[in-house]
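Look for chain A in each of the two complexes below; its partner is chain B in the first and chain C in the second.
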Partner chain A sequence: MRKKQLDDWLVAGVSYAAVGLFALVCVVPILYVISYSVMNYSDYLANPFRLLPKRLDFGAYRQLLHFDLFYSGYKVTLLITLAGTTLTLLLLLLSAYPLTKTRLKGRNAVLSFIVFTMFFNGGLIPNYLLVKWVGIYDTVWALILPGVISVFNLLLMMTFIKTTVPEALEEAAIVDGANELHVLFRVILPLSLPALATFAIFSAVGYWNSYFAATLYISDRSLWPLQVVLRELVVENNMGMLGSSAQLQQMMAQTRSQPFTLKMATIVVTTLPILVVYPFLQRFFVKGMLLGSVKG
Partner chain B sequence: MAGTKTAAGSARTGLHPAAAYALRHKYLYLLLLPCVVYFIVFQYVPMYGVVIAFEDFNFVKGLTGSPWIGWDNFRYMFSLPDFYRVFWNSLALSVLRLLFTFPVPIALALMLNEIRRLAFKRVSQTLIYLPYFVSWVVVGGLAVSFLSPTWGVLGVALHRFGIEPPPFLTDPAYFRPLIVLSSVWKDSGWDTIIYLAAIASINPDLYESAVIDGANRFKRIVHITLPSIRSTIVILLILRIGQLMSNGFEQVFIFQNGANKTVSEVFETYTYSLGLLSGRFSFATTVGLFNSAIGLVLLYAAHRFAKRIGEDGIW
Partner chain C sequence: MDSYAKGKRSGVFAVGLTAAFVAAVLSGCSGGGNAADSSGSSGSADSSAAASGSSSAPTTLKLVLNLNPEIDLKNNPVLQEAEKEANVKLDIEAPPQNSYFDRLRVIMASGDLPDIFWGGTDVDFEKWSQQGLLATLDDKIGQYPNLTANISKAQWGDTTALTDGKIHGVPRPNSYDRWGYLINQKWLDKLQLQAPTTVDEFVNVARAFTNDDPDGNGQKDTVGFTTGGNADESNIFALGSDFFTTAYGFSLNPGLPASDGKFHTNATSPDFLPYLTKLRDMYKEGIVDRDFITYKGTEYEERFASGKAGIIGISDRNVNAFLKKYNLNPADYTYHIPLRNLATGESIYNMPPSNWGAYQIPATSKNIDAALRFLDWANSADGFELFQLGLKGTNYNSYDLDKGTVDRTADQLQKLTNATSVNLAFAEAYRGREVVVGGDTQEERDKFAKEALDARKDVTEYYVPFIKQLSTFKASIPDQTATLASLETRYVTGDISEDEFRKFIDGTYKPLAEKTEADINAYMAQNPIAKKKGNE
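== the complex of A and B ==
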């Protein structure tokens, strides 16, 4: 009996230690970046492992406010996130509902037509040529439209409607003289709000974080989303691209923060919206993931 | 509801039954229209676009006017030493990644399941899901700020001890470990969710009778929890094997630089630089097409294998 207890303690101990350690590894780098962004650079050099800054220095943030690309980046990212998420939700709702009608003629054909794209697609160059050909190259639409509907999410939405909306409710509405549009907006939509909330989060995070589409389809810097600006600045270490206005030059000469601190501030400002809403949304996305696993 | 009263409808309106059926369900078909148009334009047109792999494509002549060259691009590809290097890099990277990133979420989920203090469990879950929501650019930024030899944390720290910091970000030897570690950091926590759901659906009676039989916690993990989530593990493994030929563009592109290209050039980045940087659209499409074809074969093979060993497979 004592042996068994010892084994149990060992399993529990290892679990707490390993999970706790992993959780720390996940969050500590982010905390450091936030701390470095408000830390005086000389303090950082003196002790880079210090997590709490001795004195707060918001110089890097003030400086960031003068960068044109930063402004335009924020604007583009907000725009594509809002527009893209709205469009994603609308399309998901509109298309998932008719696809749940298993007896609708042509439904199976349409569904296979859609699902096939999960297994094969044209690839990078044909997609690039398409974006040029459709005429959305170098417009925000190139950042919004490709990938606006994910087949996987469409299948999840269908499962959600099928499992949560009672067919009797729908039939009652039809008997009362409602047409299918009424059913969609008065019955299906209100009941689907939890699922739509989950998809909204995933879609918004996806648009906010993506930089691949912009790398391919945007050459005009004023249309660069935030992530691309961040990449130039932090990963490519290209500080010069931020702007060359006389005012900026002057400011750089006078009160400039160290490039390192500036980079940290840029990372924080880019990630902050996600970090702020994250704790409130966790409930939704875990539910969404579980929705997927039920379908298996 | 669909399919009822069709005959009555056509008798009343005097239309062809099919037309009457379509009219009756016009809203359903109208609702589907935007989605179908989207998939035609953004998925099927590019799919047709792969024909340029068999053409000597140029912009002026267009898709239909460019001269047909058959399999020439493929012959050229197989004669190119670069191609084999990219093939090897892609495969080595994704196999290595699979080897490390696949078991970690399983282990984490098993351990999370052993944690009885709810507060501890909730807080750790919140923290380990967090990196999933951070963009690859930011992960790249974190890597640079910690590992840069000149001003990164590690660099600054090592310099203080008089040690020259190794060039983690530019030395090809560190590229694969960096990719694997950053994948583990970003996705492992998130990937536990699906295993935790599978564990949550295990019948508690199984554990109770095991306790009565005197099985300790470790034995319960090995003999109950693991076998119960076996099919989830197998399905996820199949999906991952089906994706062995793709490394994803964003992560690799962030960690790639001139110095590590010998190991960091994978299919995605190679296609990008061939097509968009050098303008060799046809050849880039050929390489991309080869890559997706292998991917399809792998997915099918993994699926068949799962069926063979008595699992469900993916369709």
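== the complex of A and C ==
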């Protein structure tokens, strides 16, 4: 009996140690970024491997807050995240529900048309031209509409409705006098909330982190989302090189006099919101991974 | 009831079907991935610049430019002044810098072209010239006095396409860089050493900086020399090590003759292995910063600024700005000219004509003359000063174009960062010289004069022409170019032997490079290097 207890303790100890080590591996980079963002730049230069700051210095954050693009970037990202996610959910529900109905005329054709785009798409330049021709180039819609629905998510949503909402429930609602809109919004929608919550998170994280569409479709700098601003500040280009003119060096020294800590501060500020909400939404991520994996 | 329900249902389904169609179309934009991540001194030239167009209504010019994020394009006082002065309306599209060239390629492929765009003058430039996408300017540039006065014949060579020998762009003229090195003078003084002038002295100083505790902290935590920051290939050849590589007849920019007097691609030069072997020995001994291989951007600068490395390559004109940027005491660091070439005994500044890309005008533009007129004005003294220094009174108090000195406060300089930048300026240099020479203060200018200008008398300046054949050759054999860069690095780090390295160079690379080398030697015979002793 005592030996079994010892074994249990041993197994638990090793498990905790392994999990703890893994957690440490995950947490250290985050700590590193936060720590360097509040580190005095001279202290950093003197010892670039110091994990904890010798003294707190918010100079990098002050420098970051001087960038107008930082504020507009936040606004744009919040807007596209909220609007994009709402639109994604609405379109998901409105398109997935009817496509679950096998008796719907033209269903197979539409479904084939949709699934086709999973395997073949126009490519970069046709997409660019399409966005220009439909008149959303250099507007916030160019950041929302391309990719508002993922075919894969649509198929998952269809599977979810099919497997979770019994047809008899719809029939019962209709017998009780509900019309189609009532059925959709009072029966299907409440029962689909777990799936929609998961898609909402995936979509919101996707929109929050999106930058590629902006690099392609946006010219107006006030419409750059946060991630593009982050990339411009964090990713090195040739501007810091010692071969560039003294004038450039002088000007860079005005706005980016502490490049490394500024990078870290930028990363903190742009990832913080998603880091804060993530723990509360984690369970939906887990659920999302299992969505559609088992037919009920 | 059932039929009623069915009828009503089909109505909702029809709405749903429409939504599904919308979904299909929108999903088509995304492929199959997850939502938004789906893609995942002025002369007569100046006066005539924009004058011919000034009486007429302003022409709207659409420009695609590579601008830093600090620039505010809305209600920008510098742009407004430029529009007024040059009688144009500027419609500027400035994609994010980090994806500038990708966006430019998409724009060019889409056929929806601007009137002027900034770009490089290598592979894409050659391709677009060949495809007829770029206007041919040979017959036009003679009409624009500032363009011809501010851009030298050698600089125009940069926008002369190899394919047809015609000019397809207006260079953004830059001033010359002279790459020497900055050394920690305090360390030299403490160890009672002199700044090195030869490769052997350099190795000895680097060794002492590494082993003899020059910072006096009792720890062996310093290194002799650091470099890096080559964005294109490996860090084995970087501008930061030009002061060292020119001793072997190499530079990041091609054009220096090898010890046999001929011109080679780096790998086929008889001096290639001796240089790499020297670097390999230094790497093995630990007297060169072993992290230099992986440094990106300005990481190597930080290594030097942190007081852990004693020598760094630098262009002489940037010493003061660099020291200011990292808050270093100017008295503790001194600038020196390159190490003497092993074959000739000269200290060499490799000086290809310096441009910072070029402005290209699509052949389909309806505003080619207006575009050239604007670029001509931007290359005048007025245009140069406006785009470089901003507005007088707002961004500076006074400026002496002849001396290159400016009187401005830190606050004025701060305001300038949102209004213009050297990225927005259409000329980086006026008549061969950058806008501010030596620094903003007299102290900075004195240091520059003492360490950089005076030292030029001991340097031979090699004015080499643009050699575009080499970049075209490298681009034509991307796999072998990547392999060479990888093997160079592996050889220096001791990962492969000399025999293994030679096998690739002799067996694979040399045969490929043969024709290019012959072309370069023929070209150099027609465009010989002008050598000038500094300050002549």
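Please note the rule applied: the second predicted complex is superposed on the first by the 244 of 296 C-alpha atoms of A that agree within 3 Å, B and C clash if a C-alpha of one lies under 4 Å from a C-alpha of the other, contacts with A are read in each partner's own complex, and residues count from 1 in each chain.
The definition used in the following text is that a residue touches a chain if its C-beta (ideal position, glycine included) is under 8 Å from a C-beta of that chain, and two chains touch if they have at least 3 such contacts.
These figures come from a predicted structure and were not determined experimentally.
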Contacts of A:L129 with chain B and chain C, given as first, second, both or neither: both
Touching partner for A:M264 - first (chain B), second (chain C), both, neither: first
Which of chain B and chain C A:T88 touches, first, second, both or neither: second
Partner chain in contact with A:L99 - chain B first, chain C second, else both or neither: both
Partner chain(s) touched by A:I80 [first = chain B, second = chain C, both, neither]: second
Touching partner for A:F113 - first (chain B), second (chain C), both, neither: both
Chain B versus chain C as contact partner of A:N179, first or second or both or neither: both
Touched partner set for A:S42, first chain B, second chain C, both or neither: second
First, second, both or neither for A:L65, with chain B first and chain C second: neither
Overlap of the chain B and chain C footprints on chain A, listed as residue numbers: 45, 48, 91, 94-95, 97-99, 101, 104, 106-107, 110, 113-114, 117, 119, 121-122, 124-125, 127-130, 145-149, 154, 174, 179-181, 184, 209-210, 212, 215-216, 228, 231, 235, 237, 259-260
In the complex with chain A, residue positions of chain B that touch it: 1-3, 21, 25, 27-29, 31-32, 34-36, 38-39, 41-50, 52, 63, 107-108, 111-112, 114-116, 120, 123-124, 126-131, 133-138, 140-142, 144-146, 151, 153, 156-157, 185, 188-189, 193-194, 197-198, 214, 216-218, 221, 232, 235, 249-250, 253-254, 268, 271-272, 275-276, 281, 284-285, 288-289, 291-292, 296, 299
Of all residues in chain A, those that touch chain C in their complex: 42, 45-48, 67-69, 80, 84, 88, 91-92, 94-95, 97-99, 101, 104, 106-107, 110, 113-114, 117-119, 121-122, 124-125, 127-132, 143-154, 174-175, 179-181, 183-184, 202-203, 206-207, 209-210, 212-216, 219, 221-222, 224, 228-229, 231-233, 235-255, 257, 259-260
Chain B contact footprint on chain A (complex, rising order): 4, 7-8, 10-12, 14-16, 18-20, 22-27, 29-30, 32-33, 36, 44-45, 48-49, 91, 94-95, 97-99, 101, 103-107, 110, 113-114, 117, 119-130, 134, 145-149, 154, 170-171, 174, 179-181, 184, 205, 208-212, 215-216, 227-228, 230-231, 234-235, 237, 259-260, 263-264, 266-267, 270-271, 274-275, 278-279, 282, 285-286, 289-290, 292-294, 296
Touching residues on chain C, where the partner in the complex is chain A: 1, 5, 8-9, 11-13, 15-17, 19-24, 26-40, 68-70, 72-74, 93-99, 102-103, 106, 109-110, 112, 174-175, 177, 179, 229, 231, 239-240, 296-298, 301-302, 305-307, 312-315, 317-318, 320-322, 324-327, 388, 410, 413-414, 416-418, 421-423, 428, 434-440
